[in-house]
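Right after this note come the structures.
In the two complexes that follow, subunit A is the common piece, with subunit B as its partner first and subunit C second.
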Partner chain A sequence: MREMFSDARLVATKDLRIEARSRVLVNQVAPFALLVLVLFGFALDADQRTLRTFAPGLFWVTVLLAALLAVARSASVEHSDDAHSGLRLSGMSPSSIFLGKAAAVFVQLMVLEVLLTLGIVVLYGSEIDDPVLMSLTAVAAAVAVATMGTLYAALASGLGARETLLPILLLPVLAPVLIGATRAFDDALGAAAVDGWAWLGLLAVFGLVATVLGALAHGAMIED
Partner chain B sequence: MHGFRVGESVHRYRGGVSVVELRGAVALLGRFPALSGIDLSVDAGETVLIQGPNGAGKTTLLQLCAGLLRPADGAAVVLGHDLNVERRAVRRRVGLLGHATGLYGDLTVAENIAFWARAAGLTGSEAKSRAATAAGLMGIDDRLLSRSVNVLSAGQRRRTSIAALAVRRPELWLLDEPHAGLDQAGRDAVDSLIRDAAAAGATVLVSSHELERVRSLSPRIVTVAAGMVVGDTSAGEHGAAGKDTTGGGIDA
Partner chain C sequence: MADRNTSTSSSGSRLLGVTTLVGLVGLLLFAFVLTEPDVRLHPTTGEEFGQFDAVRLLYLHVPMAVLTYVAFLTCAVASATYLVKRGPWWDVTAHASAEVGTVFCGLVLVTGSIWGRPVWNTWWEWGDVRLMTTLVLFLLFTGYLALRRTAADPQRQARRAAIVALVAVLDIPLINRSVEWWENRTLHQQSTLAELKIEDLTLFTLMLGFVVFGMVFAWLMLHRFRVGWLEQALARYEVETAIAERHAEIETLDLDAAVGETGGGT
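Now for the complex of A and B:
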């Protein structure tokens, strides 16, 4: 177990170092996500009341679209020069590799969610009523998206045509995360009268199941 | 039927005899049989040249021995492990140099070598020491160590890739055209590395089209064509009658 987490940390550190050098998140994914928020604003006619009402849903749709880029990038780092085979030959367990890659995507998603929170406050005029619920929801949803994204990126890689296949495979699986996180944010942002904590509980369970399932199934996904 | 008695194979390997035992091994790339019933036996400490025309199955043979492919039929035991059931146990003990470099372009040369050393389970200080040795063997100086792989030439990437492999000190080296893209100094460094590995008791399989160069390294040349072994001779005998290397002790 200790070796598994040590190897996972090695992989996560490597991925985050690559991200720090390439700045794909900062220069491409984050601007894309902010652009989507702005476009939603245009589409809804810049009516702040409407925007505030729909901000939770718009926030999480934007997170999912940006997450597709982050997850695809995480997979392409391994496949661009066949480092993927090196990882398989390294002796590290597939679970370690999965947890490491998912952890790196999780960190990137958290950065993105902070930026997007600023985005909805500034652009949509959203007000944060319950910062604790909002923070925990952001963490639980990021765990779910990072783990399912990493698992499905591995699955798509095995099936070929990973760039085009990934969104089709991943987005339906993440629909429960979109629903749960949006409802929890409805409560946290005061956009609708719902029990956000109950939805957060569901999100947490989903994230836990996705993490365990991913760690167990990743080995089968990365084999030819 | 090509079944091994796996326990017996382990015993033979521990006795210092057999590192690679393939009997009628078939490997598929998609639905295409890249290896169509290959027989090969390699003893511990041997250096073997694998030669053959493009598309003969040399790369697939090395990937099979590395445990990256599962045999679709036949028997394959590497380092005492049946590749049908214990591929992960094989992988951690072999080193495969493929056509791709397996490097991360946004990391420096030093970071790449260190990562693959740590991934192989080496601790921080051990990884650092071995990385310095491997880099030195491949003629990678301090200036190059701090450069991003993205800005390296193809030859420099190849050197880095070989250093990242050497740092693991595998028991079985699987080298797919290791001289490709290297200058004279790089080729000499690869030759030294192979000699050092063999001297340390490792087993080396080298796929190469540079017969003259590799003949000096390998007393045994295996010729592969259409996914099968069609010749198996010592260097001095090459072109003459093949030597039978099938060996005994295997349940066929």
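Now for the complex of A and C:
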């Protein structure tokens, strides 16, 4: 077990080092996410009251769209120069490779969520009522999106048309995350009177199921 | 007489097909002509209320909904077994049931929407748990079928499709729970059928619906399975033929080289 986590840390460090050097998150994914926030503003007629009401939903739709780019990038890193084969021959277990890659995506998503929080506060005028609930929701949802996203990105890679395949495979699976995280944010941002903590529970269950499932299923894909 | 190796039909499946067709005509006759519309009288005001002619769609909608779940459950079981046993039979069964299930699921959504317009006064209700779960289920399996259509190594594709099917089925309880909490209401009356005063003919038509759609499901599964099986056989045949051709080419080249060497030596 200890070996699994230390291997996972190695893979995560490798992916984050690649990210730090290539700066795809900073140069492409983050600007894309902010652009989506601005486009929502245009689409909703720049009415700040409407934007504030729908900020939780818009925030999480933006996270999901940006996450598609992040997980696709995480999988494509392994395909350049056939790095995938090197990873497979390293002797690390498929579960540790999965956990490492998911952890790297999780860190990137957390950075993105902090940026987007600033985005909705500045652009939509949102006010944070419950920072603890908001932070825990952000963490639980990022775990769920990172694990499911990593699993599906690995699943779509190596198949034809993976760029178009990934969204239609992944987005319906993440429907409970979108609903749960939006409702928890509704509570945390004071946008609607709901019990955000119950939703946080659902997100935590989803994250746990996705992590276990991903760690188990990744082996079947590593065999390819 | 169709060749056993090149056709998806057999005398048994043809008999099933004809019986299904007759059953479908009978079901439509019962559902749309012979049964009565759902008209009830309010006990105090005496006003007519109920589902009127829209209730007739339920004789098709309910059996199709049940068979959708049967098909997706079959797909999940076949996928899990494929991951353990790796037999092509399970893979073809999973693919066939997912395809048939998606068709049924689409029809359930369409008939439900048409039924909802006069009864619920809306084509679509966002807050309804079962409606939303069915829609997401449809989208999940649309993705599954898209994956099935990608050009990839068949075994790799089969393994990945099996994982997608299992995740989709496991995701359903979570989607159901989340949508239920989301709106905490449903327009889907649990007692839609119980509320109706189920008379002999109504109950008979509903049961007939289950039998007929069960036969439609079996017939479609049979043919889709055979198509899948033939596709795999064709792929294997093409690979074997290509290998045999390459071997023949190499033998010819070896022969030419040998003849050339002998010719050069004399």
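Just so it is clear, the second predicted complex is superposed on the first by the 221 of 224 C-alpha atoms of A that agree within 3 Å, B and C clash if a C-alpha of one lies under 4 Å from a C-alpha of the other, contacts with A are read in each partner's own complex, and residues count from 1 in each chain.
To be clear about the criterion, a contact is a pair of C-beta atoms (placed from the backbone, for glycine too) under 8 Å apart; a residue touches a chain by one contact, two chains touch by 3 or more.
Since we're looking at a predicted model, the values are computed, not measured.
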On the A-aligned overlay, A:77 touches which partner chain: subunit B = first, subunit C = second, or both, or neither? first
Taking the superposition on A as described, I'd like to know which of subunit B and subunit C A:213 touches: first, second, both or neither. second
So which one touches more of the residues on subunit A, subunit B or subunit C? C
Partner chain(s) touched by A:10 [first = subunit B, second = subunit C, both, neither]: first
Counting only touches as set out at the top, which of subunit B and subunit C does A:221 meet: first, second, both, neither? second
Does subunit B (first) or subunit C (second) touch A:175, or do both, or does neither? second
Once the structures are superposed on A, label A:205 by its partner contacts, choosing first (subunit B), second (subunit C), both or neither. second
Which positions of subunit A sit in both the subunit B and the subunit C interface? 224
Can you list the subunit A residues touching subunit B in their complex? 7, 10, 14, 17-18, 21-22, 77, 80-83, 85-92, 224
So, in the complex, the side of subunit B touching subunit A is made of residues 66-70, 88, 91-92, 94-96, 98, 100-107, 111, 115-116, 118-121, 148, 164
Going by the contact rule set out above, which residues of subunit C touch subunit A in the complex? 83, 136, 139-140, 142-144, 146-147, 150-153, 156-157, 159-160, 162-164, 166-168, 170-171, 174-175, 177-179, 181-182
Given the complex, residues on subunit A that touch subunit C span 151, 155-156, 158-162, 165, 168-169, 172-173, 175-176, 179-180, 183, 198-199, 202, 205-206, 209, 213, 217, 220-221, 223-224
